[in-house]
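Notes to accompany the following structure.
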Amino acid sequence: MIYRETGQFKTNYKADNSIFPILQDRIAIIFYLFVAFIVIPAFGSDFFINSMMIPFLIFALAAIGLNILTGFTGQISLGTGAFMGVGAYSCYKLVTIFPDTNVIFLIVISGFFSAAIGMVFGLPSLRIKGFYLVVTTLAAQFFLEWCFIRIEWLYNYNTSGAIEVPRREVFNVIVTGPEAAAVTQYLVVLSIVVAMTWIASNLIHGRIGRSWMMIRDMDIAAELMGVRPLYAKLSAFAVSSFYAGVAGAMMVFMWLGAAEVESFDVNHSFLILFMVIIGGLGSIKGSFLGAAFIWMLPVVLRAFPKALGLDVPVATVEHVNFMIIGGLIIFFLIIEPNGLARIWALLKQKLRVWPFPY
Amino acid sequence: MDLLYDIFADPFVQMAGMPDFFVQVLWEGFVTGTLYALIALGFVLIFKASGVFNFAQGIMVVFAALTLVGLYQAGVPALLALVLSLGVMGTLAVSVERLVLRHLVNQPDIILFMATIGLSYFLIGFGEFIFGGETKSMITSELGLPTGSSVVDFAGGIVIFQHIDIAAVVIAGILVTSLALFFSKSRIGRALRAVADDHQAALSVGISLNQIWVIVWFAAGIVALATGIMWGARSDVSFALQIVALKALPVLILGGFTSVPGAIVGGLIIGFGEKIFEVYWGGLLGGGVEGWFAYVIALIFLLFRPQGLFGEKIIERI
Amino acid sequence: MSSDQSTQTADGRTIGGPIMEVKDISLKFGGVTAIKNISFDINEGEIRAIIGPNGAGKTSMLNVINGFYHPQEGQIVFRGEARTAMRPYVAASQGISRTFQNVALFEGMSTLDNIMAGRTLKMKKNFFWQMLRFGPAEVEEFEHRKVVEEIIDFLEIQAIRKTPVGRLPYGLQKRVELGRALAAEPSLLLLDEPMAGMNVEEKEDMSRFILDVNDQFGTTIALIEHDMGVVMDIADRVVVLDYGQKIADGLPAEVQANQDVIDAYLGVAH
Amino acid sequence: MFKKVTTGAVALAIVSTLQIAPVSAQETLYVPLLTYRTGPFAGGGIPIANGSADYYAMLNERDGGIGGLKIVTEECETSYNSQKGVECYEATKGNGALVYNPYSTGITLQLIPKAPVDEIPVLSMGYGLSAVAVGEKFPWTFNYPASYWDQMSSIISFIDTQDGGIKGKKVGFIYLDVGYGKEPIPLLESLSESMGFEVVKFPVAGKEMQTQSSHWLNVRKENPDWMIMWGWGAMNPTAIKEAAKIKYPMDHFIGNWWSGADVDLKPAGEAGKGYRSANMAASGTHFQALQDVIKYVVEPGNSQADPDTVGSVLYNRGLYNSVVVAEAIRTAQEIAGHANITGAEMRAGLEALDLTAERLAELGLADFTAPIKATCENHGSGGSIFMQQWDGSKWVRTSDLIAPMTDLVRAELEAAADQYVSDKPNWKTQSCN
Amino acid sequence: MTSATLAAQLDTIPKLLARNATTFGEKPASREKEFGIWQSWNWAEVHANVEEIALGMLAIGVKAGDHIVIVGKNRPALYWSMVAAQSVGAVPVPLYQDAVAEEMAYTLDHCGAKFVIVENQEQVDKIFEIPGQTESIKKVMYLDPRGLRKYDHRNLHSFEDIRTLGKEDQSRLQSMLAERQKVQNYDTTCVMLYTSGTTGKPKGVVLSNRNIIESAKSSSEFDDLKVGDSVLAYLPMAWVGDFIFSIGQCYWAGFCVSCPESEETMQNDLREIGPSYFFAPPRFFETVLTAVMIRMEDASKTKRRMFKFFMDVAKKVGPDLLVGKPVGFMDRLKYRLGTILVYGPLKNRMGMTRVRVGYTAGEAIGPEIFEFYRSLGINLKQLYGQTEASVFITLQPDGEVRPDTVGVPGPGVEIKIDDDGEVHYRSPGVFIEYFKNPESTASTKDPDGWVATGDAGFIEDDTGHLRIIDRAKDVGKMADGSLFAPKYVENKLKFYPNILEAVVFGADTDSCTAFINIDISAVGNWAERNNIAYGSYQELAGHERVLDVISGHVKEVNQSIASDPMLSGCQVHRFLVLHKELDADDGEMTRTRKVRRRIIGEKYNDLIKALTDGSKEIFTETEVTYEDGRKGSISATLQIRDVEVVARKAKAA
């Protein structure tokens, strides 16, 4: 309905190949960015920014990471939580070893550590497929969790075993630590997420992304087309873990402020897998939708009885919350196994062919 | 050199030095392994008949136990509670088939897998919603299960056998045997095997896939209840147990997704392996290695035998 | 390959010396012998057919040629280099490209992306540029897009350019697959039953495309076919397999007259 | 169209966040309660939450609140999860929260640095970071009656009085392998040096709480003379059952005050007989205050608690927490001179808290717990504990108050506090002179 | 600059091109969807390209006055070739690309073309198939080398080769080109177009530069066409309309012509380009409307209701809003809402969002169809024209658009109606002659320059609009002497989506009868919805219930016809539904899909007899030609239905 594509034609490959070939989509993206960069910082409450937007963005980034691995390369992983942890602990070490270095830079750098670890645990994927791979990633998950506890050096021998985010400034603005303003942290997170989303989208639309999808769709044919499984799979693991790592570092540095191993446990791996599946495998947009759905729905659900003025015990709300999320996951899988992104696409298609049904 | 000694010699010296303790470790490994095998068995039942990798099996274990205890706490006599719990598991099987599986026929495995994760979430919420979230203790003695222990003198020391552990092993044995008999002797059992081999063929001999799903899920529910009682008696009943259920994954990797004997052997390997490794080598690494040992073993194993212990070599065709 | 060996066909194509020689290949799976002592050669520029009844070992032969199966015995000489086994991507990088009996397209991708996938080996820009996607990586992408578009034009599949291949009818999928194989600009193109499951009209189209490929780009083609009729029309030389063994090798007419071949095919009919 | 849906969802979210806020408009005392009634630790979380909430409710019913202002509590479910805890904090802090009791060391650690920024004190009563007891370094954080280090030193003192002293003995320490469990290790190690006993550690990872057979096999292998446990949730009953299984002498097995609840021992029952644990507040309903709670809250049906659990160890602990907060509010109101206090004024109240035995008696809680006196320097250390022992069906108090080794602990605390502050530039400290 | 001097300077298409290249150099002139994107050329580039091709033509020896035949689908290079041919003094002769070899042989022979430019192998094959033609044709040039590599290249050149040849000898040829152009003027032949010829062999209509440029100029001014407009060239290049739009008006006004990628992608390409100036035959609009309606049938109930509601609103006020008549506020509001919900998206789906001027011509368009498009806000108009007139005879000015007229005479066009009711016209666009056919030229064009259109019609007294009734020779008398206008009736029948074609018989008989062709997509859809199973066209066409439906349509038509006293005698008394679709391959229709009444009459003689003799059904066997040229036959037993007619009113005096 809102799509008026008549007269939108492409005279070069650049335009034809652009990620948002339709004018209305470009307008929408600009609108979203405007809301994200201007409206939300200006009008969002601290709670909204801190407890909804920042985690949403961070999880969306992690979901993009997992989506690269699972959605685009077809390798199921339940190790995302641990890879996020690698990023977080690396970042913590880097920040304490180099206290004067720009912390935003270090957050990004910590992704490399996570990428390296991800590649190591990606090696078995060359021989193992499907559910079997789930087990190897679980091995990574539990082994790394154990490392986060056992290797005390990682948390500077802190007696609590937790990593605590020190205060750091970038250009005289407090970026991390408890004094950092929510809006500042939000803008940093947003910028990193936007930049990395853009990069992910670039990779996916280029040769590398294609080789990932080739491996996903038909690994044998991919190999016969000259894709080296080693490169394709390991690069997917590396990029995926990089994203998870940066997300993990941001989770601790930009959101939680301190973290123990439980912040990187297998439940987080599941959480992010949910986001990817509910959002849609193989869709960056889906990662955002999935993260928003999985993260914000409980928050909204929790606020719901209160908003209605009902006095429901919190525990009941929480139990019901679990039931609703579980039920919704099943519901979504039944009505649209390809996730919210697919629903979005169908809706968009509906709007594009409006008023026709197809 | 010390390190090498610690790794390669010392543990064996300890084993030889305290044979009674070593036997105790083996026994613990055996019991744990049996319980792992039971959980894995639930997975295998469902996977074999419907190709669904039922992630919720672990949750079903807790859910079943929670139902049993919850009913008892609500004033239902123990044995009646047991029967009612069976009924609940049956209802669960029917509901899962009606509300979930039926709508997901022909979807890719990963989708069904995800649906069972959704099911786990639902069951957690539902279980706690009905019976409350606090940890509960299993009504072991009320169910007539033994609670004491026997101390056996052995090689200058003692080995302690918990009666409940013995009971667990016996019940596991009975369960596996009866399932095996059920599969090989009964009409439904043979139908199940037909489904496992070829869905089309099964359909053509007039077996309803939907019924079969209900039956296997119910069977898995029974296994879950038995497992839940045993685990509950060893520790307690709460959803924190779910993490234990994940151990069934490496067990399945070792044993293969479709093999009942594989599940048992795999369970025992993991059970023995992790106890021995934790007790004799764990200290070198600071302890707590049990959490990942099973997975790493499975991973290493996979690298050399991607098809599992009992699987056949895969020839890829194009 | 050398010009002195080359001959001119009736329709004006040039056929050179052997580009590939298959020597005494044997392949076993466990105890089952799939291929036994097979030798033949493929000349540069020709259309070489491998035919035989079902289960004759044709696809296995193709899998050996492009490195998917590793034979227990024998060797393959490709462009003068002898080897017994190589990884499929090595074969691909040497210029061997193929299609599959049961279409093996990348189902989640569009026609365009599938054919672009065939260009994988030709694309060189590194991760960094890929990440930015402007500058060199983009320029490279568009250069290859141009080539791919020519293939799309060649195969007359413009209308399905952006359609996900999963939604295409079988005949078109086969065509896209041919396009993907062509995109690699192979020096040896292996076609595994390119006309399987097609109706007469589609078969005629596909034959035309195969001939055009050979004609236009001078690509050497080795194709497996079950249907003898089609093969006789388009192949320059034919090798016949039965039960993993070679039973005939020669010009279509010769092969057609060969008693063993007739028996093998009649045997199948029983 | 979809755009509308998304913006609608965002709008709903914003609206719903606003919906949380309206409390602050009236003059009330707003105390958010971070509770966990779900998740693996719900078994402990539920009675604590009930005890806490019921006492405030009782005060509202009986006294009309504190200083004439009603206490408004708001529960927020954390599931003992740091992320959710922080989310709860963010969601409630804007409503004029007076104090936070996170009931999780993990959440406490997250809140410690936030407290001075948002000017809302954190009272981690008997948990959290031990070093916060050093008031100069942690003006906004309190952990009386005692830190884990006090408690550990008291337990060691207790052991030292048994079986001919602790010197030369082997002490096993089994703990939940998270911040909470690891907290006392430095003190334990330094005590082992100074007092000449050997320490063997048995960490239990969070996810292995219910499968401790290996740990206890190791205990059997090491065969320590004493076992000390820092456990929580499902870890406790499992540990006790496993200890019984290996026939570890129960009376040599001592838990801290988070490992000594009724729910922890009930499953083991008779097998747990002899097990000791530390405690800071008495159990039972024989106190007047508890009778009031039953009268005003439980019997009218305004409590979420199962009446049987009223007076249990953890219920009373939650109640004790509320008593302390209520007293601190009263103190703060006195200092501020007005009833409607802020977080900063609450801090002053917490710092000036003096809960004497007389006051306890006034409150109907005579002998309920040891008196507390906070100072600027001391935000928590020094409280005494007592031992209770399981007799097979219930807890029995078996010791007098056992004082911690204050001097030793204080020194360790200060060192730890310095270390904590050292890598945090601009950390707000206070001077107590 | 006065128009006279302007005309003096811009008296040939190549000169217009030169002007465009300097005046609008950077503006897009040609686009073609190729290799996935819209390849674009601006006027300067087009100029350069045309010159290159022209030089190449000189290089291979094209002489002034030579005919150059051009065959292929709409492609910029072929359009350029036409202009290049003109620049070297040759006459471009575009032919229908789907013409079979014999048809092509006739025209090649008739015009004596020595040079042929074709698109691809398919056309090359056709040309080489013509016996004896290889000698007379000197060179064949092709655009697409695909499959032609091993052809004998002595007389065959790729387009690129030609360009290269021209470039190699550029300096010499350049001056030659200038020479050639110098002698061209307003009266030089611009193009020769073969009329499809409803009867007999095609005739080559010779059009001069004056014809084309004057027509283009006046019509461009009429509708204010200018640089920045864009059209989609998808109608056959051999058709005069396409030549006027894609060369005449395009070069005059300087707008951009876009060529679709292939036939299958046309709809999509139309949507992408979104032309502002659009021409299509009524059949096109009909097909699109049918498709719209069929697709809406599948929409949800609420959507259908919404669609119906807003279409009713549109029907009520849309046309008025289009011409700026006052409309009530509520209606205006409803229409505005409708634009958001229905009209805008619908136009977008049809690719007509940007259409500023749309024309339809060639046949009468159903009033419902016509109103449908206009109510959406698409400025669809009708014109009446002929090849011989360089298209334009009458056009509808904005604000005077009605479905039943074809408009007022175009600028510079005079019209008169002769005694038989036949329309005659005289205009600057009137053709020079029929090539090598003076008799026909003389019988069509009188010495004063008046041309007989062959159509019967009349001019409305009050408005001055021309109304066409039918082909003059087809308007006959019935046995009782009343007027018989078959086409008039046929068109009314064809306005029903279910009816694809109708042929009405009745000259010199007592009552009218009709053959009907059903529209397989519309009726098929209807059948599906009503659970009617069918295996083939024939089966569907013979189905009882289908006949019932058609019968209903015929009855309604009869009622409508009866209201017009002059034509009320033409009511259809009996009809049958044909067992096969009328097809150009069988000679039953022209390539432009006009019914060949006479041939049909001969071929289905038995059926016509059955229609008149009152029998209830008839068995028949018919020869058909398949796509590949093979022949076969099909047989069927056809039912004949009687239809209620409205009693004739007393004949008006």
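Points to keep in mind about this one:
We call the chains A, B, C, D and E, going by the order they appear; numbering starts again at 1 in every chain.
The rule is simple: a residue touches a chain if its C-beta (ideal position, glycine included) is under 8 Å from a C-beta of that chain, and two chains touch if they have at least 3 such contacts.
These numbers were taken from a predicted model, which means no experiment stands behind them.
Hopping across touching chains, the smallest step count from subunit A to subunit C is 1. Common neighbours of subunit D and subunit E under the contact definition above: A. Once CA atoms are averaged chain by chain and compared with the all-protein CA average, the nearest chain turns out to be A. Here B-D and A-E were compared by C-beta pairs in contact; the pair with more is B-D. The greatest centre-to-centre distance from subunit E, using averaged C-alpha positions, is reached by D. Centre-to-centre spacing of subunit B and subunit C amounts to 49 Å, using the average Cα coordinate of each chain. Separating the CA-averaged centres of subunit C and subunit E is a span of 46 Å. Spacing of subunit A relative to subunit D, judged by their CA centroids, is 35 angstrom. We define each chain's centre as the mean of its Cα atoms; on that basis subunit C and subunit D are separated by 73 Å. Multi-chain contact residues of subunit A, defined as those touching 2 or more other chains: 1, 12-13, 145-146, 149, 220-221, 266, 315, 318-319, 322. Among all residues of subunit B, those that touch two or more other chains are 128, 133, 243, 286, 288, 291, 316, 318.
Contacts with at least two other chains are made by residues 68, 100, 104, 145-146 of subunit C.
Within the complex formed with subunit A, the subunit E residues making contact are 31, 36-40, 271-274, 292, 295-296, 298-300, 303, 306-307, 340-342, 344-349, 351-354.
Taken in their complex, subunit B has these residues touching subunit A: 53, 99-100, 103-104, 107-111, 113-115, 117-126, 128-129, 133, 243, 246, 249-250, 253, 257, 285-286, 288-289, 291-292, 295-296, 298-299, 302-303, 306, 316, 318. Listing the residues of subunit C that touch subunit A in their complex gives 66, 68, 87-89, 91-93, 97-98, 100, 104-109, 113, 116-118, 120-121, 123, 125, 127, 130-133, 137-138, 141-142, 145-146, 180, 184.
Residues of subunit A touching subunit B in their complex: 76, 124, 127-132, 134-136, 138-139, 141-143, 145-146, 149-150, 220-221, 266, 270, 273-274, 277, 281, 315-316, 318-330, 333-334, 337. Of all the residues in subunit A, the ones that touch subunit E in their complex are 1, 3-13, 15-16, 353-358.
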